[in-house]
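Following: one structure in structure tokens, then a few remarks.
Letters A, B, C, D, E and F mark the chains in the order given here, with residues in each chain numbered from 1 onward.
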Amino acid sequence: MISEYIEKCSGFMGSRDSYAEARAVILGVPLEVTVSFRPGTRFGPQQIRTVSYGLEEYSPYQDRDLNEAVFYDAGDLALPLGNLGESLNTIESAASILFTDGKLPVFLGGEHLVSLPLIKAAASRYPDLCVIHFDAHADLRPEYLGQPLSHATVMRRVTEVIDPRLLYQFGIRSGTREEFEYARQNTNLFPFEVLAPLTRARQAIGEKRPVYLSIDIDVVDPAFAPGTGTPEPAGISSRELLQSVDQLKGLNIVAIDLVEVSPPNDRQDITSVLAAKVIREAILGLW
Amino acid sequence: MISEYIEKCSGFMGSRDSYAEARAVILGVPLEVTVSFRPGTRFGPQQIRTVSYGLEEYSPYQDRDLNEAVFYDAGDLALPLGNLGESLNTIESAASILFTDGKLPVFLGGEHLVSLPLIKAAASRYPDLCVIHFDAHADLRPEYLGQPLSHATVMRRVTEVIDPRLLYQFGIRSGTREEFEYARQNTNLFPFEVLAPLTRARQAIGEKRPVYLSIDIDVVDPAFAPGTGTPEPAGISSRELLQSVDQLKGLNIVAIDLVEVSPPNDRQDITSVLAAKVIREAILGLW
Amino acid sequence: MISEYIEKCSGFMGSRDSYAEARAVILGVPLEVTVSFRPGTRFGPQQIRTVSYGLEEYSPYQDRDLNEAVFYDAGDLALPLGNLGESLNTIESAASILFTDGKLPVFLGGEHLVSLPLIKAAASRYPDLCVIHFDAHADLRPEYLGQPLSHATVMRRVTEVIDPRLLYQFGIRSGTREEFEYARQNTNLFPFEVLAPLTRARQAIGEKRPVYLSIDIDVVDPAFAPGTGTPEPAGISSRELLQSVDQLKGLNIVAIDLVEVSPPNDRQDITSVLAAKVIREAILGLW
Amino acid sequence: MISEYIEKCSGFMGSRDSYAEARAVILGVPLEVTVSFRPGTRFGPQQIRTVSYGLEEYSPYQDRDLNEAVFYDAGDLALPLGNLGESLNTIESAASILFTDGKLPVFLGGEHLVSLPLIKAAASRYPDLCVIHFDAHADLRPEYLGQPLSHATVMRRVTEVIDPRLLYQFGIRSGTREEFEYARQNTNLFPFEVLAPLTRARQAIGEKRPVYLSIDIDVVDPAFAPGTGTPEPAGISSRELLQSVDQLKGLNIVAIDLVEVSPPNDRQDITSVLAAKVIREAILGLW
Amino acid sequence: MISEYIEKCSGFMGSRDSYAEARAVILGVPLEVTVSFRPGTRFGPQQIRTVSYGLEEYSPYQDRDLNEAVFYDAGDLALPLGNLGESLNTIESAASILFTDGKLPVFLGGEHLVSLPLIKAAASRYPDLCVIHFDAHADLRPEYLGQPLSHATVMRRVTEVIDPRLLYQFGIRSGTREEFEYARQNTNLFPFEVLAPLTRARQAIGEKRPVYLSIDIDVVDPAFAPGTGTPEPAGISSRELLQSVDQLKGLNIVAIDLVEVSPPNDRQDITSVLAAKVIREAILGLW
Amino acid sequence: MISEYIEKCSGFMGSRDSYAEARAVILGVPLEVTVSFRPGTRFGPQQIRTVSYGLEEYSPYQDRDLNEAVFYDAGDLALPLGNLGESLNTIESAASILFTDGKLPVFLGGEHLVSLPLIKAAASRYPDLCVIHFDAHADLRPEYLGQPLSHATVMRRVTEVIDPRLLYQFGIRSGTREEFEYARQNTNLFPFEVLAPLTRARQAIGEKRPVYLSIDIDVVDPAFAPGTGTPEPAGISSRELLQSVDQLKGLNIVAIDLVEVSPPNDRQDITSVLAAKVIREAILGLW
């Protein structure tokens, strides 16, 4: 048989063939309609899968192996190009199926606006949901270039879905004066730093409350993650991001998204490799 | 006022300061919502301006000089990111102003979908308008990925604005079977070639009929214009494109668009340089 | 069901799910051990598949559609890294299965040395096999850097498998003096040109004799196919390559390889797009 | 009039239209004649402006906003290509106008040699001027490749304009033995580190003495600022550079230059983004 | 004679013309047959030499100058492409000559597999040899893709040459569960960190025992060294690598290799610059 | 002695070790002070040598081999960075030595301004010298940006060294109106084309008159030679350039320059490969 000679391809490393038996499910959400600067985030999910084969399935940090985790890579959502409303509806519907099926999803963006329909679906299923948000940007504008729906407004929209007091923002180092004022008065803002304030925030959140974790890769310094839409200097290191994800262990994480990976044309793009490693650690450690 | 729609930027080589006195007007239309492959066409107009400074204002082909032409570079339209309907309305409104003011516009895309509102505005002003279309792709799908408005459907939509018999398509070398069948029955299709059939078509069109010229840069072979969304091998050379534009002299050209320039990150990107040279020749020769 | 929302991926465009029903079979052979200059040809087959989605399945040149052809993409051979002997054995064994199963294979390289085991397998099945060879380089060295097995010696090795008089070489424009002397005396050498001498050669070959077609993408000028291991200026255009493939219609082609695509890091690499288009035309026209 | 020297271009984010009312003035000095390795620093100023639009005008570090600062971007100096002597004269004359007009200039290089005429102009206006110099390289050679005027000799030339004891050098980690010996005996050399020794140096300088701050971007590690002429590993982080600039608050800074940004061809080049952020923080914090 | 194996090329900065008088000898070993991901490591040695001219010969860290060191750059070994067995034999023979001649060699890879024949030659000369190994990957697989000889198995093979207890591994953050278990039981594994555990290890090794130092550049974080075959996030900084090399002073280092530099196409590739600086510091400080 | 001016480097393929016995001599002239757009032409000569190893020494076009030609590669001139006057003097002095020694030189630029001192030296030795000039640009400005010495004025300066009637310009497709008017009245201008008018010009020049051939690589279309300072679309193909060089056989060529190769960062940059092939053909065919 010719198939004996052939290499397997596609799917995040180690993913199983069966959706039914999987607890964690990876879903690509390649939305890209409102990105303002470096285009290409629609290619993020597939690039993360491609580079994932360069990593090991075993994590020496946690002494666990993806082969022991049962997860499924569902592929990328098919989104109607140029139709933002329908795209957001599609994303929310797909996410709702995952939550209804009792899955723990890992969503790969795509631009940050994907978090809005994803968090809507999550909040529907978990009414007391809180959101942990790692980002360089506050994303709290009331509107951006005249539009209410944008990667720059997404967390403001989220505060219309959940109580702003349940939004925890870490690593923020860019925004308008208005965004920072809004955040100081309404959300839990931890500017510049991630790991240190996370310990305090854990306490406040508690181990029962369902948590949605939204990671904008640009929380990391552009030296460690140059492939993103709006790089902002003076961020955390990739090591600190991994430690911060590790720090979330024990919380009741119900979903994760990792967004704004906009890979440059490079077979070994370090941004995607970092993203893949974060996903591996999250799957192994958070559920 | 047209200026209400405009972001400030530096102009195409030799452009004058006064809109009022200009006959030809350059307008950037950086729409990019439905592009399927290589992103970046929103940066096309500005990149064309940037590289235009590497060209001379004098054309030895025509023995004319941009300094003797009175034209104005109006800059780029500010488009609402992610809102396709409003973007198309904005484009149509802006174009209508130019036609009302008696200008001969050169529109720089942006993706090919921009031609739809532009041709609508032109057809409003010139009811017997015909369209000359240089492209590698037929762009005649009834819909694409479920959407009626796309770079892959734009000329089908145009045939709902003008009589399909008034659409002349040159250089087409890619499409579905349905598109080619539709074209053979409804439009004037000249597959693979541009310069040779143009002579015959000129005759049919006549010197009176108002003509809208739409140039998708991918009509040129990717060797000469690699920076485009969906490169299609076996196209014409850059020299043949320049000769073809020259061949249109004497027709009643009322507007031009040049679309799908999606410049790679290179200071001397040859696609944009070719586009700038085509614009120079068109301004000097076609009005 | 989540699967309703998901895009399909992998496989050359339009490939079917069943090996059994397919006549033509695509097989990637990502060998790369002896390449001397630009590395990366092992990524060629996968890159050709990736960019194939930017092309249409319909060919306006032939008025045929891949949807009407029944072919199967078997994926890439798994080759033991760094073990050349075992790699060549694996390739020959896999190819033999395809020939035994009565398939018409399209092999995607990998470096040109893959043609040796492939032609061995073909000659085993078709004892009177002749080889048509499109290339910039003669590949007729007796050895290269002390090694008998290399991309620079592959056609010399082939002349030890088939009668040198049955080797037809087109477009050759680079080699040592010894290679050219050997070719003039032993093979059918058509230097510099492809399309013109092909008409004559067709006659000599006849419609019955089984033909193996080996295309080194560097037969094309580097302007049209820069992504290759040893680009050689002054080649044919991509249009001429497509016409040459078309010219082979009616011959008894039993296998094709397309080798030395070494894609640069670019999502829209024009070399791979050209390769994909050649494959499409070959599948539609040659069987 | 300063405008006589200026080419028109679009300005740094938030810059005002009026030179007269501005206190801080940005001026590009795109000199590039003696660069030895990676070319392109002449494009630095314009690239910094281009990427500046990706940053916010508000600084959460200082809780200040560029909209509250009154500054003017004068554009780039037009320099006579290939005529070094005239170029340096032009730079000195332009800088003198700014100092005479009572402005606080931010000069964007260009290669480091620009600091010589700039510091000459500053020292003319402020006779007791001291210079704070952030750099990977000592730049203290008596001559380089036989030439006294070079980016590698610029600080040696500066010690002929001001007292060497008034030159404070931070972060230096590259030079000849002679340069380091000269520095240890004549200037205030703080090798390898920036932030820590700055606190001590502040004391010595005092709050009255006029200070010219010269930042060679290569003081930062190449991981954070790869786009520079002669990257030198083991530098400080971008965060430390921002903190160091912040540390200078309260000194009597009379001019700043930021040099040797040599942007690679990348729309989101992180070196230029870092440079733009440093400029924003400097304008907000230092005057 | 070593020179029989050598291709002529220009040398590392400051290298002398005479092999005989030199104590330290640089030798390029451009092996690349088993690399799995980013190709190009065969170009590493030459690229390191090219960028070395951008560095100074004087080290301010050690206050020493390459002009005072007597070393010789022997160029690159000529290896038979595609013949792994013969390549390894060639490498071992060449290395043996250097050890026999009493030289202290610095080997520049090439892929990590070069360390196997190099350490064999070293262990032949120094029977009680120990190996210090800086790497992101354990490289302890028993086989990789069915092959016993690979960059992923090299240190396992080394434990068949020397006592596994004499293998000290630092910075390891990637491997299979089996590799980590093997390492914990058999070698001296210091995961994640380099500088801190090195102090302890020094003690155990002592100043007499001959030490072979093998540096895989990917021990450094990809932010500081992106040009490598399998980048692994969360590594040490370039500063920490330099400090770690400095920390080895006083040990009885008898040979060094620096491998897996796989330079991207960039004239100022920061990975090669870092490698060149490490080599300079090693030559100045370790003998 | 010519060697006093020379930096050591590895030579063009097949070059001999002895200057004395060589008739043809290659000399790199890496001048780059007045380039306006894409920088990097100073790296041209070395890049041409590097890629030359990818070509064969045998020319099937001429059935000759570089091994049978006796030529010497003298390396690159060391030029004083930033000192234009001294650079031009150095170039002229070095060229004069070559002419005095009876050599037939091939000069590799560097920017086109190098042709001025080179032609001065040639005209000194051959008073009735004529110049054949292949270029996209007329290079006939009286001055450029206020400077009389520039790549844009070089042929105007040449007409002050030789009689303008002895300047033959081919392929010119860019210039100001003034340049074209000057050329039509004073030089022998053959716009747009090269090969066809060359036959006529040969006649006029005759086989006795000494000829200096100056090739600006941008005479070729940017598709075939993208790596140049100011690419101008609609040029000739690489095949036509090779045929044109071949067409010069039998003329009394006394020197050649090939300028404005400004290689992008790519190991297999096709512009340099074309340049190397042109040099090979010229050495084999023109003397």
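Rule of thumb we're sticking to: a contact is a pair of C-beta atoms (placed from the backbone, for glycine too) under 8 Å apart; a residue touches a chain by one contact, two chains touch by 3 or more.
Everything quoted here is computed from the prediction, not taken from an experiment.
For A-D, which listed pair, A-E, D-F or A-B, repeats its interface with over half of the contact pairs the same?
From the options A-E, D-F or A-B, the copy of A-D is A-E.
Are the interface residues of subunit B and subunit C largely the same numbers on each copy, more than half shared, or largely different?
Counting shared over all numbers used gives less than one half: different.
Could you state the distance in Å from the CA-based centre of subunit B to that of subunit F?
Distance between chain centres: 38 Å.
Averaging only over C-alpha atoms, locate the centres of subunit E and subunit F and give their separation in whole Å.
43
For subunit D, write out the residues touching at least two other chains, lowest number first.
36, 221, 223-224, 266-267
Touching residues of subunit D toward subunit F in the complex: what are they?
It is residues 32-36, 39-40, 42, 78, 80-84, 144-147, 149-150 of subunit D that touch subunit F.
In the complex formed with subunit E, which residues of subunit A make contact?
54-58, 60-61, 63, 65, 221, 223-224, 237-239, 242, 266-268, 270, 273-274, 277
Considering the complex alone, what residue numbers of subunit D touch subunit E?
Subunit D reaches subunit E through residues 36-38, 172-177, 180, 191-192, 221-224, 226, 228-234, 264.
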